[in-house]
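Which chain is which? They are A, B, C and D, in the order written, and residues in each are numbered from 1.
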Amino acid sequence: MIKVGIVGGTGYTGVELLRILVNHPGVELKVITSRSEEGLPVADMFPNLRGHTDLKFSVPDTDALGACDVVFFATPHGVAHAMAEEILNTGTRVIDLSADFRIKDVPTWEKWYGQPHGAPGILPQAVYGLPETNREAIKTAQLIAVPGCYPTSVELGYLPLLENNLLPEQMLIADCKSGASGAGKAAKVSSLLCEVSESMNAYGVAGHRHLPEILQELERAADKTVNLTFVPHLTPMIRGIHSTLYAQAPGLEQDLQALYEARYADEPFVDVMPAGSQPSTRSVKGSNMCRIAVHHHKETGQIIVLSVIDNLVKGASGQAIQNMNIMFGLEEDMGLKQVALLP
Amino acid sequence: MIKVGIVGGTGYTGVELLRILVNHPGVELKVITSRSEEGLPVADMFPNLRGHTDLKFSVPDTDALGACDVVFFATPHGVAHAMAEEILNTGTRVIDLSADFRIKDVPTWEKWYGQPHGAPGILPQAVYGLPETNREAIKTAQLIAVPGCYPTSVELGYLPLLENNLLPEQMLIADCKSGASGAGKAAKVSSLLCEVSESMNAYGVAGHRHLPEILQELERAADKTVNLTFVPHLTPMIRGIHSTLYAQAPGLEQDLQALYEARYADEPFVDVMPAGSQPSTRSVKGSNMCRIAVHHHKETGQIIVLSVIDNLVKGASGQAIQNMNIMFGLEEDMGLKQVALLP
Amino acid sequence: MIKVGIVGGTGYTGVELLRILVNHPGVELKVITSRSEEGLPVADMFPNLRGHTDLKFSVPDTDALGACDVVFFATPHGVAHAMAEEILNTGTRVIDLSADFRIKDVPTWEKWYGQPHGAPGILPQAVYGLPETNREAIKTAQLIAVPGCYPTSVELGYLPLLENNLLPEQMLIADCKSGASGAGKAAKVSSLLCEVSESMNAYGVAGHRHLPEILQELERAADKTVNLTFVPHLTPMIRGIHSTLYAQAPGLEQDLQALYEARYADEPFVDVMPAGSQPSTRSVKGSNMCRIAVHHHKETGQIIVLSVIDNLVKGASGQAIQNMNIMFGLEEDMGLKQVALLP
Amino acid sequence: MIKVGIVGGTGYTGVELLRILVNHPGVELKVITSRSEEGLPVADMFPNLRGHTDLKFSVPDTDALGACDVVFFATPHGVAHAMAEEILNTGTRVIDLSADFRIKDVPTWEKWYGQPHGAPGILPQAVYGLPETNREAIKTAQLIAVPGCYPTSVELGYLPLLENNLLPEQMLIADCKSGASGAGKAAKVSSLLCEVSESMNAYGVAGHRHLPEILQELERAADKTVNLTFVPHLTPMIRGIHSTLYAQAPGLEQDLQALYEARYADEPFVDVMPAGSQPSTRSVKGSNMCRIAVHHHKETGQIIVLSVIDNLVKGASGQAIQNMNIMFGLEEDMGLKQVALLP
């Protein structure tokens, strides 16, 4: 059994890690930390966990965390910077769900996050935890940077086109819609039901922190510069990201349906939908699946890719556990076979 | 492996059976029937099932169903009346999620359902499938009537009071709130998002079909006549029932918290919350749990019991599978350990 | 034109006052105060008001407020205690939407609000602003205490029964369901969309601040002691209160439909629905109407009254303006003829 | 007073016409037709109208309709084709909210609507009822084709760019998100709360009926061929359209904020938001306003226009009444000053 610790389990990615891990047959939950909630049973904060775990929040402690095989960080950015190295030094592997190690270029990180990078020394060893591109590196990684939610859905949607160099130089457009859980559990007026429900709006049009991460990964796939306009939108639902991805490829004759199906044929958590499909986010609600449909208007050269995930599962905690399974040689889908809750 | 068939798998209780059964380790799904959708892969109708099952809808056929160990009916009322006996005669056990066999008194059934009872001959052998009261009978039952959603939440909430004869003669009041999935997947204007969302209303105030079922079971528990006012309400959410149950017991000194905890101590799917709790339906969303809190205002004699379930799980498909587990000697919670999806 | 000031216009009752008042033909908006937002155009905070008003938030100032004919307080409790007397002394009339002057008994107020009463000296002159019971007193009132949202719906529902002494001594039960705007615009985790949406729960079962207010008014109507169990519930919608009101009257033969219709025949904002109706909250969304349906199960003696309002309109800002209209001799429905937004 | 008739008042655009017209000071409602609901008071179908109108549904009758000054069609496509000419022949003016007269090219209409055009004879006199481009023609029009909901939001968003020829030849992209009321009140499984809520999906990616309408109008504004990819999405809310409009203009230096403000300076129902804004659909919920924000990333040449409307008001019934006001020489905003309902 893999001994698991969680740093910062009071937010939505934290409870989602717990939801999955308490039923994961290869895992033993040992530690969950929260300075503010020390001593509180996690099931008192999250009643869905009643009967599933007796774990209590404890103050972060390197000895206790170092006794685990792997530690997940479900914390705001900056925390893993401060704590990861010490834990890694004990030989414990770290899977960071925050943005701390996603961006390889330190000045870029510092520009978008508005603070000095707290751990440039260990940044080079961080592996970007997108199994669909980095499975081999993940197997032996000591430090995983779990991709962001928007990046996961956008990257999986564009990868087959970029890896095969099918797109001319152009401005790609990713019009993305997210449920409110993407903003986390912080007490903000802008996240109140009365502010979010029965409404829709764009945000971050001038620039969003996920843009540099997406660009880094798209450029790695394309092996060239990529131009991208990324417009996130807030949608009145709890979970789900729907990315509508646009690209122009005048004259392209390739069978994109076949291309996508081949690219993801062996991927347990990418489902290429039948031609003509229009997946809904609820088809992945609570599951680790990414469902993708590719539309190709050959007469105009327009390609439209629809990519949906649950932002808290494949966009965060599920993907983190998928990484863990790969790192420890478990079946990649162990503990991750939940069927989406529909309706 | 238990061979399972499903009659009528195109509605919400059907897809919910499938969601749970595809990951149930003791079950082999053999047949799912739908006259209208013959030949269609179920995953084409319910994309959350893509990758989880290759089953296709087939026309109901007694040979195929009779080759199963157990057949679930997830059909409108009347269908099990017409088909159950023939299947039972093959030796296959039947678990009926509809209302066909819940009410023991034929004239009562006929009054509330407005049609002749179609199977009075096998009605006596039907066991009311509430494990918390009928576990022993369920073990050997050939025909199970799965309780309705409202009845499950109301009965579990009142049982400890009635079984212990703690309530004087009076009008009990069950004020119940249900999500929209309780109305099923039928194409009705009254179930449209634009009609249900951002609104709340009572319905069935003059009388609701679940009333005689609840009364039958409360009276069985109390072993005397029970008076009940039952007012269901439609709430703008997909899943969940919240029953607020009122009773007057002037002068009662008993520790009801202890009574409830003792009554349900060994029940895997009834969770008595700590004193003072006010459970939310989301704490059971997607899970088979019923969470109950009992409030006792001793100075006024007022008892208020709060009981929440997911109407599609403990209120339908999950409870049906719990019955199956009991009937076939499996662990009672096999396949039913899902943690509620929160948020 | 009546010159109007608003103290504390940054919350939901504040913006709702503005929504109605900017189109009110008898009113000139002069002042709106907010210490924290001084200088900000209100339309910058509430974009729905763009094009409708150029008013800016200003620091509360007795001279400016005293130059108004009437000042609304849309503030947390305690603020009107501190400021109302000074404004009244200038001859300006005050309409307080908070709880500061609703409860006539000072110790009761202090018990439920956990702080000393800040203005016992002017409390006796406060008129409880429920036009359906206090219209004459409202006409000449200098200080109005606008009823709470739950109290408005519960009192209007029970009044005809209590005023006519039709109920024996008993425990009345008010099972009330409110949308999330009842909790206001404060940044609280418990009001986040991800916490409230797709869920339902009771709260305040042990006691809620609106209970003493409701009791005071029901007892005034009944002219005797009333026993009431009041259980509020949080419903996943923005606006609306649905009160389900229970009473037992064994043997009562009176035609309650006729009683209710007669009682409210001249009331512009109480709509007694046809017999057998089950009003939905959306039928009053954005309007000042209270819709009531009375159900009488004569065979059991059970009376069930359904009463719906928009908590921000008839439950707060609309009722406040209805009071203003009465106080200044305007048509009572001036500015309040909005039709509910359906769907 | 203008005498008004409505053909087909049982859907969402019908009730929305009524909501506005019952409070319109220049209008007298004379007739509302529905074959299926003959004799039913409209307030029995739409309880929000109780107390606002005594009108009953009647069977369509040319004499009664011809006695009106203007008749609105709030009907499925094809109905106005069949009935409009006869009404026009009585001298009564017609405002059609359906798609029957929006598209000037008959074969195009027939291709997208899959049936023969029923009224090519009167099509030439139909005026496209977008006041922001056709105000003069509307004044004298006998037959108005009210623009579709998506077209209104997309056209108002792109007009300033196209009218000024600022865009090179390219594929424009309109990524549009609509609430569920866009699908109307028909009883369809795909519109159920349980299907739409807590989910998001694209639809009509292969082609949507609003595309040819949008193209027709954009090309009229641009006076040249326009290429457009239009992807509509279904969003889990009742009302609102959010259009995110993309265009590339490399090297363009023009101040687009000033351009948009100048273009719409005199328009009562187009609000150009301050630079950097990201309007939410709730800022126009229930109002006839279109709010637009223009974002210009000069370093990349990317233009992003955000345009929000209430699909039932500016996208249908409100715009229809705006047309009526213009046709009859009333103040253009008469009866249309409602402030959006927020929250």
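Please note the rule applied: a residue touches a chain if its C-beta (ideal position, glycine included) is under 8 Å from a C-beta of that chain, and two chains touch if they have at least 3 such contacts.
Note that the structure is predicted; figures quoted are calculated from it, not measured.
Farthest from subunit B, judged by the mean position of CA atoms in each chain, is D. Comparing chain pairs A-D and A-B by the number of C-beta pairs in contact, the larger count belongs to A-D.
Separating the centre of subunit A from that of subunit C, both taken as means of CA atoms, is a distance of 45 Å. Averaged C-alpha coordinates put the centre of subunit A at 39 Å from the centre of subunit D.
Rounded to whole angstrom, the centroid-to-centroid distance between subunit A and subunit B, based on C-alpha atoms, equals 36 Å.
The set of subunit D residues that touch two or more partner chains comprises 12, 181, 185, 194-195, 197-198, 236-239, 279-280, 282, 285, 343. Within the complex formed with subunit B, the residues of subunit D that make contact are 12, 180-181, 185-189, 191-198, 236-238.
Taken together, the subunit A residues at the contact with subunit D in this complex read 171, 173, 175, 177, 179, 194-195, 197-203, 205-206, 227, 229, 231, 233, 235-240, 242, 244, 246, 248, 276, 278-282, 285, 295, 297, 300-302, 304, 306, 308, 343. Contact residues of subunit D toward subunit C in the complex are 12, 15, 18-19, 22-23, 46-52, 181, 185, 197-198, 238-239, 271, 273, 279-280, 282-287, 289, 291, 337-343.
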